């Protein structure tokens, strides 16, 4: 089926725009960038229709990448139904966001700051690596994509590299991801040690015969990698800062695709996890903790993108819960629907920011409902979807997770349900503050975004509403993952829906009907609010416990002590000694060629004398 | 063994005598041809139509005082003309003039010696010929001579490359390095000659060869080493009498050699252009007969009084020669010799003809022409030829 | 006959080689070296290496030495100046040289007995055809590499000879 | 005895080589030194061809061939270097070329 064609188009787009984009007009850049993703999407569709039923994975071998003794790593791509789902999400949502970016980035220019072509070449590079990640048939190829998306994420977060906070955010994302990747690498080493291969098929088919302790260790190490990439506790801190990048980047990378890589990877590794229940349990706990924790922070944020960033962290927590309770397909289901409505939320907020010429603070918005109706109505779709209003896509996926969680452990269900209420509350808060009430800012030229931006919004709005029916992911993936019990529990469903609607109502009361109520409520729980507003001081704690000691240790012990004292001392000592010896040998180097020749002749004479004596002795 | 040595000595003497006479007369022919191109009679005083002019020249050069300038590097100054003429004569040794002949029971080749690497031998010897000119230029201790010598060595090194490359293509077609076998491979009609042989006619390499040969022999339009208006007389400024004559002789001998080479490599050597069955053996007879008749015609209305007799005598001689060509005993070796000499003479005539028509190159043009035009074209031709030869086999 | 030929040309080669070393003027050395090469070519013929003999004349005598003479003429190099500074060579040069020659001759005489002899026609494998065949089969890779080397040498010479380079 | 002992050829080669070394050691003109190197190469070539005769193999000839080609390349580059050196320093004395000392 030529799977390699899928990622090769964005790579070509990246190379063309990256190498020659400087000379291209914006239109030409668009043609290559969008065209690459469009071709890729088209090829995905053709592949999926061509692969048909796909009960067993379809693998294509390209070349042997690493060969060392019996250990071989091939550059293989494979496709099963999970891959197909991911391919559709990545290329489909990616295509919409690329189109949207034409409008959003239209005002970017200049070689230093904007670099229109730079943006699109990075986006294409990201698409390439993300597709490699999804298509890879073994952990190492997956890891190539994994690191590649990290690189493109870094490049795009630091897109405005003349601003310090952007580059800092890029560095932070990169470094925090390194910690996760460290765990991932260790996991791969263990897999190689245990299985002797990194190939998915052979690893998974043999997982049943491996001791549980080993599998738990591998599972936990993989989880470390997943928490880094998918922004789970304790490595979630980079994601909110990553909003420094342009909004389409936030939508594509930090909401819809890259951050779900951790979920994808853990779901992909389900044969390992099913034999390591402890690791699976850890995933569920971390997921639900992250979901709740991030949701509470989301309530107190004033930056519209920060709200959605914490919302993303929280929703990713849901996906982990889905995976962690053993309902792998529900996690993927939520991944898909979340990609629709969260991308829509980000793109909508981007449209808001765009129409307000860069304003991001909720306190300076308000009453935009009539001024930018397209944006408003599309965002409403996302709003009700994320809030779990019945019959929207978010409702189905979230409910599936919560039901599975209830079967696994009821307390997870209850925490999840409360979180759902909180989620509905803070998203509604953001919506009310943005679109209702009266306008509190200074901007006078509020304008609706161009069609090239609103059209993707409309498509995503449709998907947010109807995505639950259109893509019945659990049914589609049912033969891939271990079967789950089909449960219908309408009371539990009703409870979670009630929590969601309650959250919306509360937000309506506090931010639309009586705005003063919110302020008085905040002043009532001032201590708690400060704690939440400052994100539980997690960044500060990390700074004090990890960053400061590391920097200090590096400076005083490693630099002054080890580097200057021992290593430099050693090197300088060797150099001094060599110079002394060289000073003696220099007398031989007279610079006179004839002297050198005499030495050569002397050497050959000596050699011949020695040879003659040896030969004589031998006789 | 003894017979071999005797025959070789006889051949040596014959070839040396004929060749040196021919060279002397080549000079006469050149003067005559150029004179006629310039519409003047040329040498006319010594002998009928100046026919004895070469003899007079030889006598003049031999009896002239041999000057030995005081400032020259004497050993090399004396050695240089010797090298020049020796190398020119050496290459004649391997050139075959015709097939095997049988005289008084002994059969031998019309060739001094046959090497199975004859072509390489000629290349080697001709590359040594540079020394004569370069050393002459240097040992004269004269700036014009030095510049002439420098120019000639640079020119000859440069043009040796396209020359060698042009030679390789016909060698590929013939698949031998022996000059005798080379002719053997071109036997038949004109379409078996390398210049027209399939799969790839060597017209281009023939032209390159001739151009490079002009440069190798320092002939117009490539006679930069002896450009008299820039360098007085170039490398032989300081030479006189027989030493000067040696250089002169070497140049004409080299002309003969390269013409013979061109004949052997491209024009089928002594092979007739079409088979004897279709009357090619009658061609010399016809030519000489016509020449004799023309001579008789001129004798009947002579421009000068004496011509009545000289023309008549010439006509008789021509008719006798025409008759000799009909004799079956001599035909076997006289016909190949005729064809060989006719082709070589044709190329020699081209040499003279071009001297009478073309101006001289500028020095940088000369070098640029060799490196930037001739060399790539020769290379391309070689590539195509070798590809086609490989394709065919 | 073979002995006579060998002795004549070996004698010429040695005398010319001594001349290369003894002559103070480069051009005299160069002409002597051409003499060495020419006589070596004859000895190659004696050893049955006809292609190598011709290549010796074409490449060494006809091209390399022409270059030498060309450069000598271009630089107008005169007789060399006696201005040595190498004490080592002055003291040790001659003894070392005699030792080298003595050892080489000793090894040759000891290792190669006199019963292996050379006569003209004793070996006929050195034809152009044989060499070409070996060159394009066994020695194809060295042949290609060496053509690359020539290309690099041409480029190097051109770069070094450029006027802008000082 | 009309045949030449093979050791004579090798001795001739040794003598020529030693003369080349002598030229390298005792001559001061860089061009002559260069020519001495060529002399040494020629001496070695002679022994190659001699060995080829002794073993009746063509390999020695090929070595000689390669040595010749390398020598030609070396001459081209070496003479270009000599020209450049002369252009910059106006000297051909090899003892004046010692700037690689420090």
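Per-chain residue numbering starts at 1, and chain names A, B, C and D are given in the order in which the chains are listed.
We take it that contacts are C-beta pairs under 8 Å (C-beta built on N, C-alpha and C of every residue); 3 or more make two chains touch, one makes a residue touch a chain.
These figures come from a predicted structure and were not determined experimentally.
Engineer: Using the contact definition given at the top, which chains are in touch with both chain A and chain B?
Structural biologist: C
Engineer: Using Cα averages as centroids, what's the distance between chain A and chain D in whole Å?
Structural biologist: Roughly 67 Å, centre to centre.
Engineer: How many Å are there between the centre of chain B and the centre of chain D, using C-alpha atoms for each centre?
Structural biologist: A distance of 37 Å separates the two centres.
Engineer: Round to the nearest whole Å and give the separation of the Cα centres of chain C and chain D.
Structural biologist: 5
Engineer: Which whole number of Å gives the spacing of the CA centres of chain A and chain C?
Structural biologist: 70
Engineer: Which chain A residues reach two or more other chains?
Structural biologist: Counting only residues that touch two or more other chains, chain A contributes 590, 592, 594, 597-598, 601.
Engineer: At least two other chains touched by the same residue of chain B: list those residues.
Structural biologist: none
Engineer: Chain D: which residues touch two or more other chains?
Structural biologist: Within chain D, residues 21, 25-26, 28, 95 contact more than one other chain.
Engineer: If every chain is a node and each touching pair gets an edge, what shape is that graph: line, ring, star, complete or other?
Structural biologist: Looks like something else, not a line, ring, star or complete graph.
Engineer: Hey, which chains are touching each other here?
Structural biologist: Between chains, contact exists in these pairs: A-C, A-D, B-C, C-D.
Engineer: Given the complex with chain D, which residues does chain C contribute to the contact?
Structural biologist: 1-3, 6, 10, 13-14, 17-18, 20-21, 26, 29-30, 33, 36-37, 40, 43-44, 46-49, 51-52, 55-56, 59-60, 63-64, 67-68, 71-72, 74-75, 77, 80-86, 89, 93, 96-97, 100-101, 104-105, 108-109, 112-119, 122-123, 125-126, 130-131, 134-135, 138-139, 142, 146, 149-150, 152-154, 156-157, 160-161, 165-166
Engineer: If you look only at chain A, which of its residues touch chain C in the complex?
Structural biologist: Residue positions touching the partner: 590, 592, 594-595, 597-599, 601-602, 604-605, 608-609, 612.
Engineer: Which positions of chain D touch chain A when the two form their complex?
Structural biologist: The contact residues of chain D facing chain A are 21, 24-26, 28, 33, 94-95, 97-102.
Engineer: Can you list the chain D residues touching chain C in their complex?
Structural biologist: Answer in residue numbers: 1-12, 14-23, 25-29, 31-32, 34-36, 38-39, 42, 45-46, 49-50, 52-54, 56-59, 61-62, 64-66, 68-77, 79-84, 86-88, 92-93, 95-96.
Engineer: Which residues of chain C touch chain A in their complex?
Structural biologist: Going through chain C, the ones touching chain A are 84-86, 88-89, 92-93, 96-97, 99-100, 103-104, 106-107.
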